[in-house]
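Structures follow.
Shared chain: chain A. Partners: chain B in the first complex, chain C in the second.
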Partner chain A sequence: MGKILIKPEVCIGCHLCEIWCVVAHSRTKDILKAFLLEKPAAISRVIVEERLPVTFALQCRHCSEPDCVFACISGALYKDSASGRVIHDPEKCVGCYSCVLVCPYGGIIIDQENKKVTKCDLCEGFEKPYCVSHCPNGALVYADQEKGGV
Partner chain B sequence: MIRQFDYVVIGNSAGSVGCIEMLRSIDRSGSIALIAEETRRVYSRALLPYYLAGGIDLEKMYYRKADFYEQHGVTALLGQKAVHIDTDKKEALLSGNERIVYKKLLLATGGRPLIPPVEGLDRENIFTFLSMDDVLKIEKALENAQRAVVLGGGVIGLMAAEALCKRGLQVQVIELAGRVLAPVVDEPVSNLLKDLFIEKGVQVITNNTIKEIKGGSSVESVVLTDGTQIPCDMLVLAMGVAPRIKLGVQAGLQIDRGILVNERMETSRSDLYACGDCAQGYDSVAGISRVIPLWPNAYLGGRIAGSNMAGGRRENVWSTSMNSMHFFDLCLITAGLNISAEDPGGFINISRIDEKKKYYRKFTLREGRIAGFILAGRISRAGIFVNLMRTKADVSQFTDDLFNEDFGYGSIPEELRWELLKEDLIPGVVNGNDRIRA
Partner chain C sequence: MYSYLLPEFAIERKTERCIKCRVCERQCPVGGHKYDPDFDAMFSYEEVCVGCQRCAVFCPTGALCVQPHSSQYRLNYSWSREKLQDLKKQAETGGVILTGSGNDKPYKVYWDHLVLNASQVTNPSIDPLREPMELKTFLGKKPDSLEIDLNKEGFEIKSELNPNKMIELPVAFSAMSYGAISYQAFLSLAMAAKEIGTLFNTGEGGLPLEMREKYGGNAVVQCASGRFGVDSEYFNCASIVEIKIGQGAKPGIGGHLPGEKVSFNVARNRMIPEGTDALSPAPQHDIYSIEDLSMLIYALKEVTNYTKPISVKIAAVNHVAAIASGIVRAGADIIAIDGIRGGTGSAPKIIRDNIGIPLELALAAIDKRLRDEGIRNKCSVIAAGGFRCSGDVLKAIALGADAVYIGTSALVAMGCTLCQKCYTGKCSWGVCTQDPYLSKRLNPEIASVKLVNLLRSWEHEIKEMLGGMGINAIESIRGNRDHLRGVGLEGWELDVLGVKGAGE
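Entry: the complex of A and B
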């Protein structure tokens, strides 16, 4: 199971993780097109928390006991046993927001436009999550606990 | 005929699925049987209003894939009713006289719809609102209906009313209490909701109930206790649910309102577990044993029962009443205690309302800790409040921040924040900097 760990001390609050999260989840994967042309625009699944001078990024923790999965009334949220990812299927989601109610991290993002939710998928299909690989200060670390590495 | 199973689950909803999924993650070979009165594979009752409103198709009602039972090695005895449980012989008797011997049994029989004590309920076009059959019948009746009465202004009643309104009916909601949704929200939110429904063309009648049902073969009108007569083509009974405890009573289990369970979801008889709407367990915030008839609670209860049934040891460490709802475009989240302004006892209520934005937030505090909250309008990251409640965090130093629209971990004072996030950070990156300690 993998999750993204934070190093709050070296986060400079640049919000680039949010920018690159949008790019990673855009259709074109092109930063300009993602922000200027795509309608509806992709949504960042990572949130930069701020209480200056402290800043840090937070997204789904892919919990081993995921409350969001237990609360999901439609079966849209599930834990993939092979990868350990907590996955959200937007086709099944009805936007009941039960997951928003129970996620202790506030990691479920409301997709206002589609009246559904969305969340971090650890950038499935990419070598590393975009927020991790694009953080200029190394403030995000992908911990693949299955492989034993941090 | 006698059949024997290691695990037997009675019921076919969230609790049963939670149990089966847990059982199979521990015990891959033990035999599992599921007994359910309905012939359909497991669907989500919580989605019934969504289907009725026309938002989703029938296929999406199914909570798990079509091969769920197969994939989990479950013998699904669908369309079979368990009529008796013999806890000495450890067997369940089915209506067809088949006997099912169990090593461990879970009762996840859910709730039954509450019915008002009035005559004439056998007329046509009177429906309960708890099963897929109910909703399909309502849908069929929609073809010839213009006016609907919904009895019950709670969560289910209001959802039914919204769905029927969206299907083009003239709808009247009748609620016995003085305001809608009274058990889970406070007066400002009840008022917000009432205004919203009226704005959408739904009439809301409070302090009233039905005393008589008039009509021929089909319902034609209802008469209220104050004498008002309301013509209607359809009546939906949505007063809520009561635990389905009949099997538990016959089995001699300890029962209050629901089948009493401990934190391991065990009933008063060995090897017999219960969860979900039929069960009654401890509400950690209220500090009393009570029925919490909510989807997440059922799933989690099933999961805990499943673990213990398979020889594990797992306890329900924290549960309370929690609701996520939306009516038209208004989102609502509530959790914990709903303490009224008139009689707060040892609690302190703090709230803010923005009537223009339809934004409301209220926190009920007990000794500086959150014992309940209501969010209306903006519900983002509500789970962080639940987490503060669950961890009994002292919030008295940042009560103002709780009203911040973008409340998050950044809003929480440092020491508490890093304590809550200690599994999620790598501290001490910068040499000699001990600002962050985990």
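Entry: the complex of A and C
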């Protein structure tokens, strides 16, 4: 499994990672349609934390011992042993937000519209997470552990 | 006072493409874009826009177009829009108008009136991809004659040699200080210079302690009129020591780094209190003559134990050839000559736009004068000021330069768009600012790769051009004006340049 490394020293706080996360999780994968046409619009699973001048983009850390999984009352969150990802199954999610309470990073995003949560899935199906490939300043780095990364 | 100024730029927003992501708002350091939650719409404030194009480049949907504002006064060839705006600006402020970057006025760019030669029929051209091509350049004093001792093992050079610095290609980064540019930009230049095997120049801002061991071998350290950041370790960690007399963008005047830009680290490097203005006097107050210059040159040679070439950088002005001759006789190993299009982080606009002479003429005059006096070997000549491409570089070398300094080209490679607002400290590209929120926009890992790419591409192009001329070493074109021809130049210009007109 890969991991997204965060480099706050070069994060410029542009929030383009959030924009492209929305596109990656939209139906059409087209930026104009994702924002102007799709209803409801997809939700960004990455959040840029800001206390200027410090900014950095934060998404689920896919912890090895994930508190959110232990706290999940419905079994919607689980750690996939094969890929190492922490996966969220919206079908099972009951919107109790226990995971939101326990996540030490704020990596679980509330989906107000559907009264559920959502979170980073490392852009399954893409070669690299969209936030990483679209960061204009190299502030997000995808380290693929299988290929000798961190 | 109500301002009568017209906006310089127009911001066009294609609303059908705008997704209100507010990237433009966050990227603009002067507040040119604002999101209004009541209208749920983005608005532009054109009066503050400097045309840096940061928003247009970062807009993920291509919804923005920033272009010169179409509002015009009545067309007048004498009283241009710029002249009128400047008058109004001065009427409103009572101050000297500041600007950044190099001279943007339509003085003749001689590079655009010089063309290079190529081989046809009578001599073969060379394919640099198949045959070796030498761009190595040695900077420093060369001996008057070379005495060698032939023996069984080969040969031994008997003449005493002076310290020289070898660079892999005749292009180095010109003086841009940490303080004028951001630490990130400064570090990027150092990283690229090391990777390529050329030089970067510290300007008058000192060399940060943590960079000395790793990058000192690629550093030209400056000793300028403010003597900021100067001590013996600073000189001894570097490859070349440069005495800065003048700068092409502002000949005859000093520098002024405003206190707002003197952050803790800048202050530490310059050895001045944090937040105080760093004032570089107009002259070096211990140099009022060639004899005084000689004393400083030899003081620096003493301090570095005669192990490093000493360079003297001057702006191109009247009688530059005679001045250069004096500098060589004062003991300088390198002369750096900065022409009227040389850049700056801050200069009075009236000085930048009106003082100095074009580099091309100055360079040709200096090379000719030093040859005529038989002292050309005693120094290397580095040309600086407005090199835009490898063609300009090769033409300069054919005119007699040993190497060139590039400043603006390097900054543009890192992101600069020549908006000329360097002096405000609000560079949106993170190049010319000390604001930590802005300077981190320049990632040295990315910027240094861009600089390396730039130099590598110029290296390839220079080799291709040399090959076309049937030349396999940069030494063979140095001062070889027979490979240049002038187009659209008058007789006196051809005389000063020492080149024939095309067709001759």
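Brief remarks on what is shown
We adopt the following convention: the second predicted complex is superposed on the first by the 146 of 150 C-alpha atoms of A that agree within 3 Å, B and C clash if a C-alpha of one lies under 4 Å from a C-alpha of the other, contacts with A are read in each partner's own complex, and residues count from 1 in each chain.
Just so we're on the same page, contacts are C-beta pairs under 8 Å (C-beta built on N, C-alpha and C of every residue); 3 or more make two chains touch, one makes a residue touch a chain.
Source: prediction; values computed, not measured.
In the three-chain model built by superposing on chain A, chain B and chain C fit together without any clash. After overlaying the two complexes on the shared chain, residue contacts for A:L101 are found with chain B alone; chain C is out of touch. Looking at the shared chain after the overlay, A:N137 reaches chain C, while chain B stays out of its contact range.
By the document's definition of touching, of the two partners only chain C reaches A:C14; chain B does not. In the superposition on chain A, A:L36 contacts chain C only, with no contact to chain B.
Chain A is touched at more residues by one of its partners, and among chain B and chain C that partner is B. Put simply, the nearest alpha carbons of chain B and chain C end up 6 Å apart when the two models share chain A.
On chain A, the surface touched by chain B in one complex and the surface touched by chain C in the other have residues 9-10, 55 in common.
Within the complex formed with chain C, the chain A residues making contact are 9-16, 18-20, 31-32, 35-36, 52-53, 55, 136-139. Interface of chain A with chain B (complex): residues 3, 5-10, 47, 49-51, 54-56, 58, 61, 67, 70-71, 73-75, 92, 94-98, 100-106, 108, 110, 141, 150. The residues of chain C lying in touch with chain A in their complex are 17, 19-23, 26-27, 58, 60-61, 430, 435-437, 440-441, 443, 445-446. Those residues of chain B that touch chain A in the complex are listed here as 14, 18, 44, 46-47, 50, 55-56, 60, 62-64, 295-296, 299-300, 303, 322-324, 326, 331, 333, 335, 379-384, 386-387, 390, 408-411, 414, 420-421, 423-430, 433, 435-436.
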